[in-house]
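Okay, got some structures for you below.
Both of the next two complexes hold subunit A, though its partner changes from subunit B to subunit C.
Now for the complex of A and B:
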């Protein structure tokens, strides 16, 4: 069985840890608890071709208290940039992170627009979003709370990585 | 004290391995039983190899191996990570160590430290997220209103879209006229100050203005220089706890860049402040830099004044920081500010105080090492030396963790206690005025508050008013400087250069009024006038049988104007001028600062048939990569290089020109030499295949009629 490392990146409070928890354990908690450092979870995914073990690196939110650490991307096969559509700034920061990732790694990236169970309150127009999405191989609207889009996102990544 | 006792006390919840060879380790010490579950390969044997049970730890071994291979005393840390065991989550941090030629790997269990760090960061991040949401909403609504107000051609009170937007928004808004008299405000603003416990004597708009005036000595300067401002004000509404408001102030200008309204918008950010208060450190210290914040600095400034000993107040503003944010993003911007704050703090003496008092602003109270009542010239030298050190350290490049290199600068404004004033408000106001003066210079500068500074500021405001009137009163004129083909001496085109006939009779040099126009935004209407006038001249010349080409200069701010292309294209159509008769000149600085925008603009104007020239080439550090990618036709060699050509130094100093000529020819670009003043220079240029030139040797810039006479004389000679 092959293993693939996937890094979850994004601003603080966008729901990275919640997405992993929903995907791996099927659990969601409303309480926001900030992460420190890295936590790695594993999950096996069956694709048409083979079974792949995803090693999901949930990395501390990147903000003024914690900078971008290029070393976490070492050996990664893909990355997910998570944003929160109730907070415009999370996409601005997501794009900053995308820029930094592109400087150190040539691997596919997926954009997760999270918290879609809540009404959108960011001010990005459809045209702007369409342009932003072009920087990624795929994007998913996700809700760590309801689970919408979460499994399809990780399955899609597994498929891309085993194709 | 032995290890078992330390472990029992909880001091040594760690594992120590010794690396025997690559991928062969020996367990030297282990506390608790978490190791057995984390790394089962260690069970039953002291010597083991890692078997992929901890992905994070084994990833860290790659970095550790590099340290161990060098085998010099040292240590690197892995950063914290978490591991899920069967019935608990453990928080770990590993260190690779070389001591006395031996290699160790230490894994510390840090659950208590993790929890402590998480608690601190939880509060900080919750407040950050709340602030972020309020701030984003505030900025968005503010910019939408600003857009609506700028778009309108109708007088404000009758403006339907603005009135509707105001009624619906959650943002408290007040719109004032130029005398700061209220034109309109909205229910949201009234509800901010609507408190049943308090009777406010002032209406909401007046209260907002009063709070700003009382709390920010910079206020006069902001209004007099039509600057925008964002910050926080505090409304003390006893017996309640008071409200913190985020306030944005924006001048709304018309097409002629005259202020027609002031837009004030306010949001209640008390909740953010409440979250910050839960962590005392965050109340007095800036979260990004850990330096004292504005409130704390203000308290100290007042205490300092009470001590009644002379000191300097330095107001520092980071130069060109907006560019860093625009080019590299806010995270990099934050990293630069953090790094800069460390550098500045390292230069400040223990008795002095440095604080971060705004988004890109710091302030320093600089103690003087004596107790004389007055400030001497030696003190001033001391302040200059200190400020120079601050500037020096800020100008050094920043090498960031992502491998990026950034550069900023620093402007320093200085006011002295008690020489300039004995009040905290005045000192801050004067230091702010001084830093505003320093900002005008292109390089990092120091400016001391003085009467001359106030006079200069007044003069500048007068000049700004005069400039505005100049457009209305048609005091500008385009002069034309011929550009010649050196091989036959014929005028092939001309550069249009603006001149200002001041009403008092003297001619104001463009060097004086163009930078001011650029700073105030007046360059947009002035630039439009130049384009219109150049097209009108082209039409007249063509109708007189002289279909010559004219080049016009575009400034950085003009290039940033999104309507520029449309304006050029419309003007060409209206004036029925062939676009191929128009040429645009841009300096290298414009290319570098605004590459994406410039690339798009140039591609569009080129499609129309307009040609493009790079002005002052050789002075602005543009790279070949830029030149190759941009659609340009000519390079204009800066006059400073042409000046260097003289009888004594032809060979060495001409080297730069020769290199530029060769490079331009390789890139298949034309080369134009500017500032040719002597026959020697002309001959040198001809000899080295630079066949197009302008300069006083051929003609100074001429009024239209004289230029036509020159053309006629040239025709007659043929």
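Now for the complex of A and C:
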């Protein structure tokens, strides 16, 4: 069985932890996020020809005042940047994070636009969004509440990584 | 100039040498390699076994490399030629099964034995209690007590990704979710490394040992992989050394695989052999059992001896008490209290009729050491039939010709007596309280001598007189509380008294005696003294009046009011009239 390390990134409060909570198998409490800044869960994903075990490093919310623990990205095969479409700022911060990641690692990234169960209230035009999506290999509309888009996102990552 | 020449000549020498070398050895030693290649089989074949042996003795790496290859070949061979293997193994299977069943049963017996030993010994029970106290399972606690240290689990972790390459464990329930633990350990290491990085050097900080109350995590980092061991107990340096050796070995053997690692851990499956070397276990030394606590044993022994002595004493005194208790059965002795006094003495309190056997005597009769019994006795009058018999027999002992036979509690007297003796005997028996003498008991006595002489004998007449006086003296008339009227019963009694008294007058006059009857009235304590005085007088007067009516001369009667009879024992019996017959010479 193939194992891959992937990192879950995003601004504070975009719902990274909630997004994977129902979906993954974990043994560590959320306390780890605030104490050492990371919590690890795992998820086995079946692709067409094999099973991939994703080790998901859920990294503490990043904002402009808080440093980015680049070391946690070491050895990662892919990353997900989670944003919240009810907050414009979350995408700005997501783009900052993308820039920082690109500086230290050349790995595929996926954009997750979260909280789609709520109406969108950010001020980004479709053109702007289309341009932003260019920086990622794929983007997904997700909802931690309904679980929409979560499974397809991880399955896509598994496919990309084993292709 | 000369120098220059020298230098150019040496340069041309070197170039020439290179040319010669090229000619002989060929380009890049091609000729030599070609020659070696041609004879490779021969050359390697000559030293192959020795080389394998030498390398194996040197670091044991041959075995580790060959083992997975051999295992795989056998596996493949069995998979493809299973029929052939079955036919090879068929004859062996029977004995193999027998052997394995025997081994299984032996192991089961041993395990059961150990279980029983661990469960039923004091040590086992103590462990169970302590395990319960500290909230771990018995097996965990037993392991922690049995092993000085034990490597429970070993992880091989890819340095860069933190992904788990392989793990081995002792198969206990402690086995954690190895892949998540290894990633988390990597994260923690990164956290520590970043948080406490000194700016002075570029050297990365790494976790080396993580200790908890029960566990030690030992981390050894190599350039491409890390080995982590989870250890219980006190970890000696040897474990760290073994981890280091294993890590180096793995780096040597799996160098390329580590470099090319893309998340597939299958190439590292064979590293299990190296990792197993790290699962070290050392038993705790048994405590020196030859050292025995003599002092404590002596104290325990003394206490036991003391207890034994006290028990024996207590038992003896208990036995003695049971023996002494039987004194209650002796006629005329009433046991009121019995208790132990001190270690072995008995304290006894009894009521004893003076006619019965003495306590001292009773103890001697029953073989009891009288020093062991302290007794206190008070006298009382016993109505015990046995004692009455005893008293009766004592009386007739004075009359050698009289014999007594007992029909139940009633005596029957027989034998020869004089008239006087009969009267005297009758008198004594009448006075014996509890016998309730009846005159017919004496009917079987044969009187010696004649009636005439008897009536002439003044002593005999006086005896008869005394006897009849005693009869009247014993009569009493009872009254209701506060009353002085005579009942029918009382009147009947008075008629009998009148007859007896008139008979006596006759006899008394023969003897020249003047006879009188004193009538004494009495009352109980209820009421005032003066009232009772009057009441008692009234009672006596009424009786006197009645006797007068019946025909006794007034001159012979004297009624006296005694007032209250202040005797606790009297109670209701105090309400009565009593008689006293008196006589005077010269009537």
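The criterion applied here is as follows: the second predicted complex is superposed on the first by the 149 of 163 C-alpha atoms of A that agree within 3 Å, B and C clash if a C-alpha of one lies under 4 Å from a C-alpha of the other, contacts with A are read in each partner's own complex, and residues count from 1 in each chain.
Please note the rule applied: contacts are C-beta pairs under 8 Å (C-beta built on N, C-alpha and C of every residue); 3 or more make two chains touch, one makes a residue touch a chain.
All values derive from a computational prediction rather than experimental measurement.
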Clash-or-fit label for the pair subunit B, subunit C on subunit A: clash
First, second, both or neither for A:53, with subunit B first and subunit C second: second
Partner chain in contact with A:37 - subunit B first, subunit C second, else both or neither: both
Subunit B versus subunit C as contact partner of A:102, first or second or both or neither: neither
Which superposed partner A:133 touches (first subunit B, second subunit C, both, neither): neither
Subunit B versus subunit C as contact partner of A:62, first or second or both or neither: first
Subunit B versus subunit C as contact partner of A:2, first or second or both or neither: second
Partner chain in contact with A:26 - subunit B first, subunit C second, else both or neither: second
Partner chain in contact with A:74 - subunit B first, subunit C second, else both or neither: both
Subunit A: partner with more touched residues, subunit B or subunit C: B
Clash with subunit B (superposed arrangement) - responsible stretch of subunit C out of 44-52, 152-160 or 368-376: 152-160
Common interface positions of subunit A, toward subunit B and toward subunit C: 5, 32, 36-38, 40-41, 55, 69, 71, 74-75
Contact set on subunit A toward subunit C in their complex: 1-5, 26-28, 32, 36-38, 40-42, 52-53, 55, 57, 69, 71-72, 74-77, 161
List of subunit C residues in touch with subunit A within their complex: 158, 160-164, 176-177, 179-180, 183-184, 187-188, 190-191, 193-194, 262-265
Residues on subunit B engaged by subunit A in the complex (per definition of touch): 55-56, 59, 62-63, 79-84, 91, 93, 114, 117-118, 121-122, 124-126, 128-129, 132-133, 135-137, 140, 287-288, 328-332, 334-335, 338, 401-404
Contact set on subunit A toward subunit B in their complex: 5, 12-13, 32-34, 36-41, 55, 61-65, 67-71, 74-75, 86-89, 92-93, 95-97, 99-100, 103-104, 121-123
